[in-house]
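Accompanying notes for the structure given below.
In this document, chain identifiers A, B, C and D correspond to the written order of the chains, with residue numbering beginning at 1 in each.
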Amino acid sequence: MGTTTAMLRIVRDLLKHDTRFRIAFVFLLAVLLLTALTVVSPYDPSRTFKVPADMPPSLQHPFGTNSRGQDMFWWMAFALRNSLLLGLLTAAVSRVIAILVGLTAGYRGGFIDRALMSVNDSFVVMPVLPVLILLSFLLRGQMTIPLLALILGLFGWPWDARLIRAQVLSLKERSFTRTAVYSGNASLHISLNEHLPFVLPVVFATTIANMLWSIGMEVTLSVLGLSNVSLPTIGTAIFWANQHQALVAGIWWWLAAPIVCAIVLFLGLYLLFSSVNEYIDPRTRLRLMGG
Amino acid sequence: MALLSVENLRAYYRTEIYGISRTVRAVDGVSFELASNEIYGVAGESSCGKTTLIKVISGTIKPPLKVEAGQVRYQFGLYDVDMLHIEQDELRRNVRWKEISYVMQGSMSVLNPVRRVVTTFEDIVDTHQIISDRKMFLEQMREHVNKLGLPPEVLNLYPHQLSGGMRQRVAIALATVFHPRLIIADEPTTALDVVVQRGVLQMLKGIQAESGNTVLLVTHDLAVHANVADRVAIMYAGRIVEEASTEIIFNAPSHPYTQHLIRSLPMIGDRSSKAGLGGAPPNLANPPNGCRFHPRCPHAMDVCRTEVPEMIMLEGGHRVACHLIKGAAR
Amino acid sequence: MSANSGKLLDVQHATVVFHIGSLIGGTRLVAVNDVSFSLESARPEIYTLAGESGSGKTTLSSLILHDLNPTEGKILFEGRDVTQIRKRNEVMDFMKKVQPVFQNPFETFNPLRRVEEYLYDTAVNFGMAANRQDAAPVVDETLRQVGLSLEEVSKRYPHELSGGQIQRVSVARALIPHPRLILADEPVSMVDASLRMEIVNVFRKLRDEQKVSVLYITHDLATAYYISDRISIMLRGFIVESGPVEDVLDRPLHPYTRLLKESVPEPAPQERGLWAKHIELGTTEVKEYGRVGCKFAGRCPQVMDICRKADPPDVEADGRTVKCYLYTEGARQRPEAPAEPLD
Amino acid sequence: MRKFVLGYLLPRIAQWAMVIFIGVTVTFIIPRLSPNDPVERQISQMMGTGARIDPEAVEHMRVALTEMYGLKGSGWQQYVAFWGRLLRGDLGPSLSTFPTPVTSLIANAMPWTLGLLLTSVLISWVLGNVLGAFASYYPNSRFIGVIDVLSQAVRPIPYYVMALVMLIMFAYVIKVFPFSGAYPPGTRVQLTPQFMLTVIKHSALPALSLVTLGMGGWFLGMKSLCSNIISEDYVVYAETAGLRENKILFNYVMRNALLPQITGLGLQLGSIFSGALIMEVVFGYPGMGMLTLQAVLGNDYSLIMGIAIFSIVGVATSVLILDLIYPLFDPRVRHQ
């Protein structure tokens, strides 16, 4: 129970004082609403020509309809749901690796730290897109959301592992860690009780950053036709719009819908990240307690 | 005429985050005067407001610090100027470094890490007087640094190549490049070893004795004041509680806080047991009213808890703010 | 294994060499150089390791706390080699007997955790109490030994206490498992002068009443004189003079100890004479590490040729050991304990 | 100097070699992991075109393709052979434009990407840093405030979506720039000023969007860096000494904040390069991006492999160059 009341208090404080959080709150609420609506969607996104094609936005079809006879509003609902799902899955996969690598390198130190970090820095420096293009080119056709999430997750951890390691290193040097050791606590207890409140903000911030990165990467891969184009996502929406030369044909709403949804989703996540990140930063909490 | 006089200065830190606003009353009614040709020491413990006092006097006032009331008057040639209200650019052009210079808290990172020492000298000198002949300027700097006992090749080194003691002596050389009439030294030797500290303080004393200017020395280390300062002011929780010549402060202090401080100083050769002082310095966000020392004062009376003691002038320039002492009001 | 040799702590020729710089091209830095001293189990005492920054005193303390292994030499605690302590129960047993007190009060405890948590952790983990409830009286009792009470400290965060109060809680935490040795690394240097005496008096009480020995590491000779029984003066990794504190500091023999004592400003304006005598500061201290022979030769007013050739031996003189050629048999003149100050 | 070489240069070169080693190994392993074998794919695609090919020719083709793909022998032998070919600069022929070698295709695409990338990265890095420093030193100037809000708004949006928005805005709505290609089809590529002019006119849009996207990141990074540096002792000291504001801003605040920004640039070159690829796809700019699109559409497996390896080596080398330049800016590294 304690954590839920703490969460509500954070939301209340942020809503009162931080405009970034207010915008994020509205945007993400809209996205989640749309995602929830997919349950009651009258149309099956994989079926085409269920509605008259190329209708501009109207009350009946808020986002208009596309040349494949699909209602863009419901199609984008499924697209947002799948993109969000992909983001969460990738973030989960890459968190596991990032925390594992970050904590081991940070805590063990010495040779293991140097070895892990030189491998890690190589992955950070490496241009990921060409490699992903190669990989998804070979897996074309069998690409599903979980598989793409796994692939993106395998390439999304090095930057975050660096940040987590830096945080752990700084905590190791602080003398309250030694006080905890000499109080007879085991290292697991120390990580959970002493270091977690400092590591958590970094993990939270990198999770959201990773979601942004992975959904963005999916858009790029889908636009090149390298992901499963029958599955509605923000990327495949743009892919089909390009495929049918939507811009040239003047069906601007076909392209406007995914672009607007993408901007709302990305801005919402980013503003959530920057406002909450500032709030849960240990330094702010200390100043709040009058430290 | 006093070189610098601070009258009833109040400076607070106002912060407000997520709806919680706090006001820390760091300096709360401080008045004192600096004469020329003297070393005036300001002693006080952590959170007594001495660093804030220095920030206000040296004009580096940035939010959340704000001056609430009071004046800082500097005797500038014939007329005296209220430093808090003169226009920034004028302050920068004629007062900064030419009249008042500054040796910073001994945190050693006073020099720009990516510039050679001589370039920092050039930056400061060039701001106040155009360097027409660079060769002559370099010669003057080498001579200035040499006179202070520093090897001239220090000039073309980078700060990270100098030891702590060297960096602090370079900072003093920088502060004296225009032979200012007032040097403010904020904890100049806190981070130094005792032998290097002795050398740096002797250098500072030598400069003051030779040029007859005024040094405002701020440090928590009373033993340093005993060996360097001519007069000492003791600060507690944002106010000056006692001010007198060094001899009086160490041999015949009147304020209970000063008495306790002097008594509790360990000295080689004296193993007699010394008492600690109970409690802790007050939190300046909501300080106790009346005399702010009353919660820890062994002689606290009722009046101490309600009324702020007036600064009373005893003989020989000895001022003290304590209800125990009755004398002519300031 | 001389378990009952009566020595609580026995440091035998401890040496620590650091390799700074990159893997291949780095330089060798001898932080601790052939240091030996010991504390008796029977006689609890406060033993001071004094020296300036870079003298190796902190490296020596991390050797004893087994955070670092010596390159050469041995550290025996109660007759047992500290470096062999590896298994969890052995480490816990060692930590029960040797506890540290740190320098910076505001870093000793996690700013986001209540201070009392550490007291309960220590009490429960070292078996002083079955659980947190039973631990309350134990914690309260130890806090009273340092002049505080549980009621005064409970529910408080570190920023709600003064530096002096936090250091006393830190000592109390170290006291809970009834240690034999407390290792205090600059415990009072960051505490206000007015509160310093309280903590220093606590150490005195520990030695006299709790029979706990304290290894006091500091650069502040004045507090060292006030509370310690014996003292070792360290310079660049060597112990240059060690013995009873009143002998070493009242009548220093080694020129470096004399210089140190003179440089400590006396809190008495009329005593200015000695401190005010002008001294020449060396240009860069780093050169002193690599120097052959006595590390102080560069600045010593009584330096002789031999001082620059080889490390001076340890000589017994006037009740203490001093590492200086001035006092060896063959030295030219053999000043007893020069009364007049350094020329 | 010896300590500098051993202490700083050697580890950096080792890191460069490590990046290339890991990059190449990853690109080698990936195809081997994938379920369907590229040779079969190629053959089935060829069969799919309906042309009657007798089985023997197919068998012959399979052996040739396996040989060409370097799939002969055990995994280890393939790996060694792979490195052998790589070091000789032979990435095999491109399948979609058989038999032109992959390296020549990349050779004439790379300069375009380099040109676009270098100019836009430099402009966005310098602009972002200067404006970021101003934003922290003069927090309440309106002009910088607008840029601050814009940067935060642009920062999270992925390259492709942003590029699309700019394409629509500039090429359709305001019709200022031509919407694709670095030069209109059919013009001969020669170094006359007139040709250069058209190239600049055509590459304006991709460059502009790369700059605006990149600048936001550097702006926000510099602003937070400088707001920490402003409270450093040497800046407060310089202000107390009465130095002029722009001297403090440029020689004290910015000069020190640039160091982490240079390292930051090194670390982000990989993602900036990927961004440039996307930009080229959107704007039809004839660099590595378009080559990648052409390879994907033409199912050209070895060209994609070649592009992946080239990108890795290219980025790793430019990061090494940046690391070698860094000591010129930071005396603490130059003078140990």
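Everything below uses one rule, namely that a residue touches a chain if its C-beta (ideal position, glycine included) is under 8 Å from a C-beta of that chain, and two chains touch if they have at least 3 such contacts.
Remember, it's a predicted structure, so these values are computed and weren't measured experimentally.
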Please state, in steps, how far chain D lies from chain A along the shortest route of touching chains. 1
Treat chain C as missing and name each group of chains that still hangs together through touching. one piece
In terms of C-beta pairs in contact, which of B-C and B-D ranks higher? B-C
Could you tell me the distance, in whole angstrom, between the mean C-alpha positions of chain B and chain C? 32
Dist(centroid_CA(chain C), centroid_CA(chain D)) in Å evaluates to 56
Report the inter-centroid distance (CA atoms only) between chain A and chain C in whole Å. 52
Flagged in chain A as touching 2+ other chains are 290
Out of chain B, which residues touch more than one other chain, so two or more? none
Touching residues (chain side chain D, partner chain B) in the complex: 232-234, 236-244, 247, 251-252, 255-256, 259, 329-332, 335
Residues of chain B touching chain A in the complex: 15, 17-20, 22, 285
Counting only contacts in the complex, chain B reaches chain C at residues 45-46, 149, 151, 162-163, 165-166, 169, 193-202, 205, 220-224, 226-228, 246-247, 250-251, 257, 260-262, 264-271, 273-277, 279-281
Can you list the residues on chain A that touch chain D in the complex? 118-119, 121-131, 133-135, 137-139, 142, 212, 215-217, 219-220, 223-226, 238, 247, 252, 255, 259, 262-263, 266-267, 269-271, 274
Could you list, by residue number, the parts of chain A that touch chain B in their complex? 13, 16-17, 279, 284, 287-288, 290
